[in-house]
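Presented sequentially are two complexes of chain A, the first with chain B as partner and the second with chain C.
For the complex of A and B:
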């Protein structure tokens, strides 16, 4: 049985590696499919729109050609590309020349990871608990009245929710800052004032993500729970004379959660894309905002780097969920 | 009324009715059913699919769920009416006094818990003070009683065969030595060999505990081998009840007669594939006797008056207007058998 577990982990890891490999390869191929010199084209376009007048196109382009051996055969370039990746060299930003793309991503990543992990966990846990209670026949009318609210929440678009929140809490009530990750004047230190500042800034974007997702988790859990409660093992648990609380948690929720975790794995993509949107609206200094600014400024290597980063982190998240799943469901462990 | 034999009954069910609320009105899935059970008695409950057997079995545990509701009747278990118990008292009574092996016991085990945990769960709910070592020992003993090895305790349900799951369910149901065990089609999903083994195990367990058993099924042959008494349900009503030998030798109710005739190798050799016609819809029962549209003997009174369960022979009770005037059932007209042929 342990062997089988190992094989399972190995197969999931192989899948992760495959996704990363394909993502990296596509990221390599696409710019080279464009006619002409991708760097020069991108720079020329940038300059014609007035984005990077003060740059010496020829100099940058030449440095790229030398660095990446763009004149070398394709397979040689491909190998170079991989070795650059392993040294975390994703190229330089045009807009913030000569800043390294990997540095920019490194600065943005903690913000996104922190915000997303926190918000998704809160939404998933509270949504699932609420959904389970909604399906429980003994729950009172107060809890049941939440259902329409959840339905409304799932149908409001993300950005609209975010704008409403900003308007309400930042503009009208002025309780919370409308944008940013931290006060622009603050010097980042590991102290309480900084932490509080970061949390205050994270609250609205976090709330937007939580509210945007909680309905999905609550309604999903409710329907799972309703079907689980109809199972024979629930009847048998009742026939055993178990306390309802025990049945609710260990026979009901425990089983309904399996489908929820599958749904979590499936929805990771939309969770991430939704979060990109929220970051943009709140001008939050994460990957989403970085991507947005890069797209607007046609900052080619930054776009490439962030997209690669997003795909790889999605694959890693999926891998983690896949590893957690057999802990929850003994039937997968075989 | 099925007031039978004198020794103190452990279970007395009186005029129990369970309705399902449907858009077309209440479906009378259990309709004024009365019977009683002596300690150690084996009652087989038989009837077509949809006749209300499972509904009755779950109602006896007061496990009826919406849209179902116990609308009337009493369930006296050892002198206490289950209908009057509080939720807490009811939880205590379940498993300790009356246990249920639900229909589809194959899926009665929680897929994400080891068998051992599920067994301990049941015991500890009633014996909160019991120590872990005692519990584990008890689990092993219970498994041995149903013919399972101690290692099985550490397994998850998906690692058990159908027969093993059925045995595991029996082990749980008997873990507190209940006075009444309700087994709802415990062998329906098993092959014939395993069926027989499981029935033998159930019989042995029951002998050991001295518990009364209600065995639900729709295979007259299987029921006849196990039970002392057989109850026949039709469209939510108990239409006949009596000792198994007598029931087979001399069925009183026309429906029972047709059921018994459908048994291969007993008396009648006709190739009867079933009983012509379909049971009536439970939301719209025909007036009078529910069986009258299918009954070869139906007469005027049957369409007006609902027959009560009355004396129809020694220890035998039938809900049919032919009794008590007739002492045996006249032969069934040949056309009924012809209609039943495909």
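For the complex of A and C:
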């Protein structure tokens, strides 16, 4: 640990705080900028679509006005908003009154984090390896022929791939379950049967995200490798008579991976956006499905809570990637 | 016209116009023509709910079948495709216009303005766009395709800003800018007469990327049910097919064709952007 490193971590942490601050503020300000009272509108729409009783709505609405002081001046509301966040009070669900939004998010979060982490890691590792092979001059035409496939995969939104996967593997072939996180009759225990069930359900959504991202990593790695292999130190290593594989892995890939990690940090946002929709397609019990159900049910505070959660967890992920970076690149550590 | 053709021919011989660019533009032109010519032959009435017999598989009467609400999928596709493209184009124009303006300001004037623009655009780049768009779109009462394009454009400018700013900073150091300054050109003249023309390749590349990103965001929001549900778009078609469990019930002709058209749009845009890279950067073409 030295000063430079500390300063680096501090600046990254400041960025994390900034993103959280901006996100919370946007979340607070946008509904208030737009005309009309969002709570009232949402409740009215909920009522018109049926289901809720008149009495319930008034009770919820009144309790909200009192508790959140929606008639108070804007700055007062803003301070209240922050203090509620610190006590993890995100409000209650309209559709599942009186369940707390924070509880609902707490139930959904592990599913999303698990699915996304697994899928992103698989896509990143296999994609980077494949991309490196593509850049190797000795790779045969068989490997090179996957380039157009990778281009097609990167350009198609991966929730559309998800629809095709469901149709092929769950509807036509019936190999895998079409939806959900576990069998509906499953009692969650820490045993092999539950684990297998969870994995079986996660396979297709995971595959959709992996297929949708692998091309991005492969093409990125390929172009990085091509430019790294053109560097002088590679020529020097060749002149020293090092084994080509050693040059390729320890001189080439190690350096090309740096740019890949930077790209990982920048692409997480779009990965999360796509994963939200993949969850919707598979009715996977994560944040994406929670958001979808909340949008359909005009469940205002759930929408707000999930959006906030998405932004904050992404900012935290980004921070973690930033912390990993000095481990890979000694120039930052120095 | 003759000169234009000759320039085209020369560029082709130099390898600047690659097969990728031709293929990409070809796909895009084909899709645009599909949406432009189609309505002359197919009546919009059949794309309305309840116009035809529901749940018909593709056959002689309905080339792409009908959905469970009685819409002719072929007619729907013809009217939905231009709507989706238009949203992408509007959002692309606004996003790139706004992004270029901010990038120019940040790069040219520097200082505190630059710092503020940079911090905001960097922070917004890392946030999952769909989260903020959901909040905005979810709070709009009367959604339409134009409003949707505006919503998406509100987060479609950061990448352009970043690129333009970086380029302005590079170009400003070039010798010919120094010459212009010594010749007595004002800051504005330098910005628009010397810097802008050199930015064009980057702005065009950003435009292709922004249109692609905007269409992606629009379809995503529509698939979540936040679009203008009474208008015909590709994303809404996906939404309705999801709502009716078309995948599980095996109505592949309902969600399949829109997916194919969407995929073609994205592949076309992707190939165009890769091809344009080769066109704008002759070093790549020679490889």
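To be clear about the criterion, the second predicted complex is superposed on the first by the 319 of 334 C-alpha atoms of A that agree within 3 Å, B and C clash if a C-alpha of one lies under 4 Å from a C-alpha of the other, contacts with A are read in each partner's own complex, and residues count from 1 in each chain.
Operating definition for what follows: a contact is a pair of C-beta atoms (placed from the backbone, for glycine too) under 8 Å apart; a residue touches a chain by one contact, two chains touch by 3 or more.
Quick caveat: nothing in here was measured; it's all calculated off a predicted structure.
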Fit or clash between chain C and chain B when superposed on chain A: fit
Chain B or chain C, by number of chain A residues touched: C
Partner chain in contact with A:251 - chain B first, chain C second, else both or neither: first
Chain B versus chain C as contact partner of A:331, first or second or both or neither: first
Which of chain B and chain C A:223 touches, first, second, both or neither: neither
Partner chain in contact with A:163 - chain B first, chain C second, else both or neither: second
First (chain B), second (chain C), both or neither touched by A:232: first
Partner chain(s) touched by A:126 [first = chain B, second = chain C, both, neither]: neither
Touching partner for A:241 - first (chain B), second (chain C), both, neither: first
After fitting on chain A: smallest Cα gap, chain B-chain C, Å: 9
Residues of chain A defined as touching chain B within the complex: 137, 231-233, 235-243, 246, 250-251, 254-255, 258, 328-331, 334
Touch list for chain A against partner chain C, complex: 15, 18-19, 22-23, 26-27, 30-31, 34, 36, 38, 41, 151-152, 154-157, 159-160, 163-164, 166-167, 170-171, 178-179, 265-266, 268-270, 272-274, 276-277, 280-281, 291-292, 295-296, 303-304, 307, 310-311, 314-315, 318
Sites on chain C touched by chain A in the complex: 119-120, 122-132, 134-136, 138-141, 212, 216-217, 219-220, 223-226, 238, 242, 247-248, 250, 252, 255, 259, 262-263, 266-267, 269-271, 274
Touch list for chain B against partner chain A, complex: 58, 61, 63, 65-66, 91-96, 99-100, 102-113, 121-122, 125-126, 156, 158, 169, 172-173
